[in-house]
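You will see two complexes here that share chain A, one where it goes with chain B and one where it goes with chain C.
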Partner chain A sequence: MSAALLAAAAMLGLLASGAGAVAPVKLRAVLTVILTVAACGCAGAAAVEVLSTGHTAVIETGSLMPLSRFALGLDALGALFTLVAASIGACAMVFRLGYAGHGLSSRTASSTLPLFVTTLLLVPAASNVTTFLYLWELMALTSLVLVLTDHRHRPEVQVAGQWYAVMTQLGAAAILIGLVLLATRAGSQSFTAIAERGPRLTPSVRDTVFLLTLGGFASKAGAVPLHVWLPRAHPEAPGPVSALMSAAMVNLGIYGIVRVGDGLLGGGPAWWWLLVMAVGALSALFGSLHSATSTDLKRLLAYSTTDNVGLMLLGVGASGLFAATGHRTLALVALAAALLHVAFHAVFKGSLFLSAGSVQQATGTRDLDSLGGLLRAMPVSAPIFIVGALAIAALPPLCGFVSEWLLLQAMLHGLPSSNTAIAIAMPVGVGALALTGGLTAATFVKAVGIGFLGRPRNEAVATAGDVPRSMATGAGVLATACLVLGVAPFLVLPAVLDAARTATGTTIADPLSRGWSLGLSGVHGALAPGLIAAGLTLAIGLVAGARRLAQVRALRHVEAWGCGREIQTARMQYTATSFAEPLIRVFDDVLQPVHDLDISHTAESRYYVESARFHTSLEDGFERHLYRPATSMLRWWGALTRRIPNGSVHRYLVFGFVALVLVLVVVA
Partner chain B sequence: MSSSWPAATVAATSVLQVVLLVVGGPLLVGLMRKVRCRLEGRAGPPIHQPLLDLRKLARRERMRPEHATWVFSAAPLVLVGTTLVIAAVAPLLTTSPAFGQYGDLFAIVYLLLLGSVALALGALDTATAFGGMGASRAMTIGAVAEPALLLSVLALSIPAHSSDLPAIITGSLTHPIWLATPQRLLALVAFVIVIVAESGRLPVDNPSTHLELTMVHEAMILEYAGADLALVRLGESMRLALMICLLADLFVPWGIATAPGPAHVGLGLVAIVAKVAVLGAGLAAFEVTVARLRLFRVPELMAGAFVLAVLAVVSALVSP
Partner chain C sequence: MSGQPFASGLTLAVGAVLVCAVAVLWLSSLASVIRAVSLQGIALGTVAIVLGLHLHDPALIATAAVVIVVKGLAIPMLLRHVTGDQPLERETRPLVNVPASLVASAAVIFIAFARTRGIARYVGTTAGSLVPVGFAALLVGYFVLVSKRRPVFQMVGILLVDNGISLVAFLVTAGVPFLIELGVSLDVLLAVVVLGVLAVRLRTDFGDLDLDDLQELHD
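== the complex of A and B ==
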């Protein structure tokens, strides 16, 4: 049954893509959305069935691709990622119905979008190397086309597309080399066969494969230092595409690391996982710091994706480290925490990116410094963003809190340990998580407080109306899920545990207590998210009641006092730039902001200022210190080699001759 | 743990804890003001003056800036609401309050954060420069204080193998040696610094200043009036009392009720009041001797606290 559903999902996806290419423009959006949502529904149903029965859904056919069989096999680990992608895909497609901007209704975009969603659904189901690589590459290419949707109108889209194209193809090449090496050494390209033989390969092969695939998958996940494309490409993509990329596509990077590291190679030495944890901690800190200082709403969200990917990698790395040192149960719990964060991050980041898309459509800008007061102008979309923001800041009773709590518990219970690696890595992990948590809270107070509260900073924002119902529905479903999953995480926890068991190959029955309270078995103390939610509702209700009782007269709306200031204009409010200024100052060693103050004096006297210009910019440190030297070296090399073929036929004849001689020498 | 206790006793103890914090918070602020005044050679208002202030404010008219939304009005409710939830589940009088098995230290930290975030959002909602300034500064200080806080929680949790607060306290009562270990003392210092920062006391923030350029917390609540202001004042004093209670629980736990019965709970009540009064008076006396730090020196202080917390974790790991 689940295999049929999976096949139906693939068919519907292809059909939707075809419909996008041939249907008349009026029907195009509706047709592709209906068919793609149906595809997501089928894939989601298949995933749920796999997770509930534990049977793998297998589809194999020999005639679909050259050189190899097309093989899909959805197991519990893949099913979790397919389920997440299906939920995000369905919501993003519903949102897309009302999303007018960015030329998404062009023939190319409408046929590419369903294809992209379908690859997101199928990549976790691929069960041999060739199928995986084909689907992976298709996913990379379709997402690239979608990022470039608006390239005619905005030059920054082209730059973003270039970065994305280069990074994603380098990553794909690394994965290709790694997996092909693995397949040839293991003597088979089927994942099940590799998983049997993978652990017995020589350490040098295993290390090479792990490092290559880690590089490729980490670049797709947007982990530091391979993240540079992410804060460019995710913001420039149209609203629903950014949501799909940030909430569903980056997950597949995590999937790849877990599938190859834990599944195909069967775990590895401690240093692999210490490396993963180090990358995770660095990504979390770097991402949260940059998202705390960004003033572009979607760029802020993109950096926070890097931050959350870092947290997932911390969990994955901790899990591998525990497994490498023999703590089986803890390994399972840590991986479950990471996968839970994958699922929950998808939910809240999806709602955030979709409502940021709504904001962009309604106001025409995503610059926080010119937004403001959207809670009045967009009474439906703004609360959706606020719920997502509270969830990502890990505040109870929303879902982000639960996964971060579980991650903290997993790292805490690794201590005290006789193993030095664990004893060092876990406190560092907790420290990174804590600093990230504080910065994320500041970031989203900024995003909500500057963008959605206060007064509108310009006319377009003040008169912006709310978006069509379909957009609000797509984002609203995800925001509701933030609350429901935060209160009742047991709805997804068994599925997450199944996925973690499949990945680690363990059969430990109940590492976590079930039901309304969540905690590690055999350990004192637990978390009852439902109880916290109920308690908060009760307490806030009581306090509100008491305030109502004490109230003598109705609430009076007055001019803001502001310490007695007479005129208060919208421009006097704190902006996102000024809000983040103390943070930039505190972390200036890391962020290295560039300030430029230009004062020109009047001709009469240098004591009078004629005009002053202040410019401040904040660049990505990795871009400046790593990528820019690399690209300038490439450019230098390109300029050098360009001099050799100068157009002279004689010279080309010499090249041909020399090459021929060399070949003959080598052959002889 | 609470299963062995009669349900009615447990519920009554939790209610008592909430009442204690609602009444005790303002009294603690009054006491700290009194101590400060006496040390400065002034008579000072009576200790129960904050309670009188609250009663006066509660009856006054509530006002809301014209550009603000429901977020502004909801912030004080969330601030007080989160503190009430913590007061009900945290072990203040007894190690087994209602739902005490869910009194996880990380959960408490994040609930406190929810209150701070609500207040910062309320401040930004006023659309004034001061609101934004206070929110920005408070969130910056909060962000740099968070690592020290969570790492000292981690250091405290390692010996008990749990971040569950009752488990940590009962553990320290049965193994008093835990209290004298270097990790506990290092964590204590880090914890105190974080409490000072989180509750906006000197030298991080001066609760009695309204000088425009230096205020942090006060800048956030400038626009509140009437019952809303009463709630904010109540909330901040309860948070201060709660954090000092946690400090007392974690570092001098003796006296807390470990068995049911009015006698034990009564003893717990006396003990916690005495401990909090002494600690509060000590904090007030310390405040007289220091000047407020410049805003950009605060992160250095927090970095110091972070280093102490790291050392606490390391020594917890190396000690048997």
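== the complex of A and C ==
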């Protein structure tokens, strides 16, 4: 049954893509959305069935690709990612129905978008190397096309596309080499056969495969230092596409690391996982710091994706480290925490990116410093964004809190271990998680406070109406899910545990007791999200009631103090830049901001200022210190080699002659 | 034909092919260069005839006839047509001067002999033992292509390379099938026609021309 559903999902996705290519422009959006949502429904149902029965859904056919079988086999680990992708895909497609602009209704874009969603659904189901690489590459290419939809009108889209194309292709090449090496050494390209023989390969082969695939998958996940494409491509992509990329596509990077590291290679030495944890901690800190200082709404969200991917990697790394040192229960808990964060991050980041898309469509800008007062202008979309922001800031009773709590518990329980590596790595991980949490809270206080509260900073923002109902529905479903999953995490927890068990190959019964409360058996720690929610509601009700009772004096409207100025404008409000300023000051050494103050005086006196311009810019440190030298070196090398073919026919003939003689001398 | 007459006849003809190639490097007047090309074509045909008589293969003799007609007569005639109005034209400033290019051709012939004896031993026949000479002719032809400046010499160089390849083919496999040799010869004829037309057009458009002046066209 689940295999048939999976096949139906693939067929419907292809049909939607075809419909997008041939349908008349009026029907295009509706047709592709209906078919793609149906595909997501089928894939989601298949995933749910796999997760509930534990049977793997298998589809194999030899007629699709030459020399290799096209093989899909959805197990519990893949099913979790397919389920997440299906949920995000369906919501993003419903959102897309009302999304105008960005050229998404062109023939190319409307046939590529369903294809992209379909690959997101099928990549976790691939069960041999060729199928996996084929679907992976298709996913990379379709997402590249979608990032570039608006390239005719905005040159920055082209730059983003170039960065994305280079990084994704480099990553895909690393994965290709790694998996092909693994398949040849294991003597089979089927994942089940590799998983059997993988642990018995020589350490050097295993290390090479792991490092290559880690690099490739980390670049797709947007982990530091391979994240540079992410804060460019995600903001420039159309709204639903950036939601899909940030909430569903980066997850597959995590999937790849878990599948290869835990599944195919069957775990590895402690240093692999210490490396993963280091990358994770660095990504979390770097991403949260940059998102705290960004003033572009979507760029901020993109950096926070790097931050959350860092947390997932922290969990995956901790799990691997526990497994390598023999702590099987903790390994399972840590991996479950990471996978739970994958699912929850998808939910809240999906709602955030979709509502950011709504804001952009309604106001025409993503710059926080020119937004403001959106809560009044967009009474539906703004609360959706606020719910997402509360979830990502890990505040109870929303879903972000549960997964980060579980991650923290898993790492804290590693502290009493006698193993030196764990004793050093875990406190560092806990510290990174704590600092990241604080920075994320600051980030979203800024995003909500500056963008949605206060007064509108210009006319376009003040008169912005709310978006069509379909867009609000797409984002709203995800925001509701944030709340529901935060109160009742047991809805997904068994599935996540099944996935983690499949990945690690353990059969430990159940380290997390189910029901309304969440306890860790064998270790101390319990959480009752429902109770927290009830308590919070009660407390808020009490405070609100007490304030109403205490409010005996009538409300007085008075002029706020205006620093001695008579006229107050909306532009005098606190801005996102000023909010981030103290943080930039504190992290001056890391961020290295560039300030530029330009003052011109009147001709009569130096004591009067005619005009003043202040400009501050923050560059990505990795871009400046790593990528710029690398690209300039490549350019230098290119210029050098371009000098050799100078157009002289004789020089080209000499090349041929020398090559021929060399071949004779060396080969013959 | 067999025994001593066959061996010495074949060696003589094969040697003539190489000598003609080296002669092109040495000579500077266009008329004599074209004569050398013509002679090389005829020598190549002779190789095929000798081999055909030895193997009693009428197809090979027919191939030889085609080679002599196309490479010995038709192509030199076309070349003469291209250079028609300046029969006394000379290569005045080659990239490598004549003594140096003779030394270089000696080096190239040495390399060919040193590195292709393996092939000769592998083939094993009398004809096979002459394979290094074919490679040497090929490389000398390539060297003509590289070292001379005038467009006509480029055509001559291509012809020498092609003759070298044909010679190796004759010696290794006792002749390629008739149809293929016919096709190859006609291709070369066509290439010479196209190059000739191009050279005449270049001369009428740009005057007397050095190939290296065409650098402007690169990317």
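For the reader, a short list of remarks on this structure follows.
We adopt the following convention: the second predicted complex is superposed on the first by the 636 of 668 C-alpha atoms of A that agree within 3 Å, B and C clash if a C-alpha of one lies under 4 Å from a C-alpha of the other, contacts with A are read in each partner's own complex, and residues count from 1 in each chain.
Rule of thumb we're sticking to: a residue touches a chain if its C-beta (ideal position, glycine included) is under 8 Å from a C-beta of that chain, and two chains touch if they have at least 3 such contacts.
Keep in mind the model is a prediction, meaning the values are calculated, not measured.
Shared-chain residue A:L664: touches chain C; no touch with chain B.
Contact with neither chain B nor chain C is seen for A:R200 once the two complexes are overlaid on the shared chain.
By the touch criterion stated above, A:K26 is placed in contact with neither chain B nor chain C. Touching more residues of chain A than its counterpart among chain B and chain C is B. By the touch criterion defined above, A:R455 lies against chain B but remains apart from chain C after alignment on the C-alpha atoms of chain A. After overlaying the two complexes on the shared chain, residue contacts for A:W561 are found with chain B alone; chain C is out of touch.
In the superposition on chain A, contact is made by A:A442 with chain B only, not with chain C.
In the superposed model, A:H615 lies in contact with neither chain B nor chain C. Taken in their complex, chain C has these residues touching chain A: 95, 108, 111-112, 115-116, 118-119, 135, 139, 142-143, 145-146, 149, 154, 211-212, 214-219. Residues 645-650, 653-654, 656-657, 660-661, 664-665, 668 of chain A are the ones touching chain C in the complex. Taken in their complex, chain B has these residues touching chain A: 58-59, 61-69, 71, 73, 76-78, 80-82, 84-85, 88-89, 99, 101-104, 106-107, 110-111, 113-114, 116-117, 120-121, 123-133, 135-137, 139-140, 142-147, 149-151, 154, 157-158, 160-167, 210, 212, 222-223, 226-228, 230-231, 295-296, 299, 306, 310, 313-314, 316-317. Of all residues in chain A, only 292, 372-373, 375-376, 390, 393-396, 401, 405, 408-409, 412-413, 415-417, 423, 427, 430-431, 433-435, 437-439, 441-442, 444-446, 448-450, 453-455, 517, 523-528, 531-532, 535-536, 539-540, 542-544, 547, 550-553, 555-563, 565, 568, 570, 572-574, 578-583, 585-586 touch chain B in the complex they form.
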